[in-house]
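For reference, the structures are reproduced in the following blocks.
Below are two complexes that have chain A in common, paired first with chain B and then with chain C.
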Partner chain A sequence: MATRTRLARLWPLSKPSALPLIRPYHSYDHPPPPGPFNPTESSILEAAIPHIPTHGFTHTTLSIGASDAGYIAASTNLFPNGAFSLVHYHLYTQRLALAKHQHIISPPPREGEKPIGIGGKVKALTWERLMGNKEIIHRWQEALALIAQPSHLPTAISELSSLSDEIWFLSGDTSVDTSWYTKRASLSAIYAATELFMTTDKSPNFDDTRDFLDRRFKDVQIVGGTMGSVTQWAGFTATAALNVLRSKGVRI
Partner chain B sequence: MALYTSSKHAKFLATGLPIYDFLAPSLLQASRASLQIRHLTKAKRYHSAAASNEKHDKSPSQPSRNPRSGADAASNPPPLKKPLTQAQRDFLTSALRVNQAGELAATLIYAAQTPPIISSHPHLRPLMKHMYDQEATHFSTFNALMAKHRIRPTAMYPLWTLAASALGWGTAIMGREAAMACTEAVETEIGGHYNGQVRVLLEMAEQMEKNGDDIGDELKDLIETIRRIRDEELEHLDHAVEHDAKQAVPHELLTGVIRAGCKGAIWVSERV
Partner chain C sequence: MVFRSIVRPLLRASKPQYLPARSPRCFSKSARLTESPSQPSNHERTTHFGFETVPEAEKEARVAGVFSNVAASYDTMNDFMSLGIHRLWKDHFVRSLNPGSSSSPNSPGWKMLDIAGGTGDIAFRLLDHATNINNSPSSTITISDINPAMLAEGKKRSLATSYANSPRLSFLVANAEELETIESNSIDLYTVAFGIRNFTNKEKALREAFRVLKPGGVFACLEFSGVTNPLFDAVYKRWSFSAIPLIGQLVAGDRASYQYLVESIEKFPKQEEFRDMIKDAGFMVPGKGWEDLTGGIAAIHKGVKPIEKP
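So, the complex of A and B:
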């Protein structure tokens, strides 16, 4: 095993797959493995977050955050990705913050009211995640420019897929077939589109964004419903044809 | 690797030299997943080296842990349970994924075999129903586990659906013996596969116990579940042999091809 490790270390760059693209086994008995940031990094980034509305996703914000957290300004050297670390930290913390919305995830049962379904929870959680961008939305285009850089794209995409996985999981979805993929893909597409729309939204309380999000969900429902109906029809017809043939004595 | 890293590390500590991590940074760096940002301070490096020692718990001669200052130890008490290592998590992920895919295929094979078989041999109806029901229970067990542990299902799901239905239907058309030979081949592979998994899981549990970690009910239950399911699969194998599986006409060829297909499907499902 030592040989293998040393060999692997000869090409450190050949292992960029350190990204959590595959989200493995989520244990309830054992604590989760550490996240992408260590305590020092977290403290600097946390201190930097309040400065984003004024200074944007820039190196300046990082320096201010470092001095606020009690480190010298040069400690921004901790972040080889520079300002992208701010973006990553924002995406990461906002994703984890979704689990705090207990009133959506497990609402207290009310008399005479139908409990909110999985679809409703997905919608509500997506909206909450978008509202996590409220403070920094006028700076978000800078972040999108950073995300679009090829070296940062894998992290950003993996964060997006983790986000949609998190939303479906928190909503209580338990499907583990092909729809696992289609659900996450469609939610990621909806989220990315709505986030982009939100950067130019000037309406009070982001009403336009809300309408946009509702329309996107409706589109997906129509497409999904049509696909479901077609599949059901095809399945029924095939089974019926098979049974007719069997009733005629064909040995199939 | 653990031995390599830790003995080096221990030597450094014993000689009282500072750690020249700028000379050999990769030897001391933790293989932390999703390590995007390298950390540079010495304190952090100690921390991560300790983490990597914990991670590779296979090393027979546990080197003394890095000395920690009292304040550090007080502010960061060791957690009650350690996180599962990356290798353990990877194993559990691929194991549950491939098991779900296998049970999906088994359910579909029996579902496709049942109508042609019972139309020509009505006395096999209870047996087919019994085997199908057990497979359906296994399938739902693994579905629940996958959803609980947030594991991605295999990307080959639609392909396995088609292939398993075609296999079940095709062998059933070839006759009772061929269908039973198919069951025999599939269950032999599956039984061996589950056996291997149980072995690895027991090793993992033993390792954790030796290190004084709590295994947790989750893993204990998983081992029990896989054992039970393995026994039921092997019971199907016996049923198949009792019902003349060995008399299928090109018996060697048929079982050989099916077993090779199973192995290939297991290999693929463990990965994607």
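So, the complex of A and C:
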């Protein structure tokens, strides 16, 4: 009787095909998954990035990048999404570059100074990310046009959510309740709005953008505070109403 | 009832098993011989010709027979069979390749090779795109086909284009598995549209493509593939196995060739498998490696030849 009992599988054995390109959490124990670009693609895109201020987010920039990296113009066929690959690469590399700002993430403790809180770190990192667009901000509207195309929108949105997750994570946020979601959603909204504002900002050192960003963070604090108060009031009222009904003999 | 009595013979004609024994499917007789108990000697390498198994040495001649038969009515038939969609596929294929694009205004242009390009419809599109969109009048193309009848059709058609007798367009009768006349590392773009299915040895043809391409050059293939949606697949199978041989009989007067066509489509490796064949030949594939057209009836496969690291 060599019949082996077989455990019912809840899902079919999946083929060990490709590694997942994104991991929805940060891990200290495992190396990060490979990014969306292989080494060849990265080398072409990396060579193309310096040409964006002159040639914009276009196929020409890709071709120049390919020839700078030792490839030929035909090799741009490596990028099925064409110029959007440049946008994606910019979003991806700028997001990863945030982890380099160690003076914000873990500042050296100073005598007689209060250490910077999570909120302050979030603000500082968001500003650093916006400054990552400094060189190409006059071309960013081209990128936004590409992002808005329906076939590219999912990638762009997931990059935005990864960005806000990255900022909160690097700032040391450890929330495990619904605020995990609201924090990320509100930061995404603030970032997207400020980035759009920045495309038309002509002030020196982007001072207007800075003010705009500060106002948006204040708005969120006010809205968040109000939301908290409303929730508290609604909870209290509901409990009180329940107790009144119970005191009248209603069985609930 | 009247309708039925008209339609039934047509439907019946569309099913292969109702074919009279003396049908023009001259190939099937010899195939039956090869499939009979007295099998061909085992050491003879075989390949498939539609659903039949034939010795490798024989496939080339048979494919030649098919395309010699259909050369003249080739495009009319394509229009009927695909309801005109093949033109959209070809346009999309060429647009996605963006031939003639360059990083500097005075680049030498692209050197392209259109394999199995007989009637030239891909080649003329490639040249049009390079000239009109990317302003690259120096891009050139070689149309290669194993079948002189198909190539003659292409030459005839080229006379109606602006590339007639120009140095930008050349013709070459050659087997895609042995392109001796073409130098290694000399081609920017290698295209094969609805052709690789008929090759006797696809791996060898892919290796040959890898050889002739410049480092960084692109292999691009437009070919029938597997429909991904099972419901649509059922409808499509009905269409291809019943209607296409029938249309072939009515329009081109040649049922056997179109029976072969649908069988060879069915036999051709599906998307993932063909992608892996391209990878095995040494190419890098962009993204997942292919793009489905019309739910996977056709697919565009691409591969880029890597540059040697200095």
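One rule holds for everything that comes next: the second predicted complex is superposed on the first by the 205 of 252 C-alpha atoms of A that agree within 3 Å, B and C clash if a C-alpha of one lies under 4 Å from a C-alpha of the other, contacts with A are read in each partner's own complex, and residues count from 1 in each chain.
Just so it is clear, a contact is a pair of C-beta atoms (placed from the backbone, for glycine too) under 8 Å apart; a residue touches a chain by one contact, two chains touch by 3 or more.
Source: prediction; values computed, not measured.
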Which of chain B and chain C A:S63 touches, first, second, both or neither: second
Which partner, chain B or chain C, touches more chain A residues: B
Partner chain(s) touched by A:S247 [first = chain B, second = chain C, both, neither]: neither
First, second, both or neither for A:Y25, with chain B first and chain C second: first
Which of chain B and chain C A:T40 touches, first, second, both or neither: both
Partner chain(s) touched by A:A74 [first = chain B, second = chain C, both, neither]: second
Common interface residues of chain A - those touching chain B in one complex and chain C in the other: 38, 40, 77-80
Touch list for chain A against partner chain C, complex: 38, 40, 59-60, 63-64, 66-67, 70-80
Residue ranges of chain A in contact with chain B within the complex: 1-2, 4-5, 9, 12, 18-20, 22-38, 40-41, 77-81, 85, 88, 155, 165, 169, 173-178, 180-181, 246, 251-252
Chain A-touching residues of chain B, taken from the complex the two chains share: 1, 3-4, 26, 32-41, 44, 47, 51, 79, 81-84, 86, 88-90, 92-93, 96, 100, 115-116, 119-120, 143-144, 146-153, 155, 157-158, 169, 173, 214, 216-219
Contact set on chain C toward chain A in their complex: 96-99, 101-104, 107, 110, 188-189, 214-218, 220, 284, 286-287, 291, 302, 304, 306-307
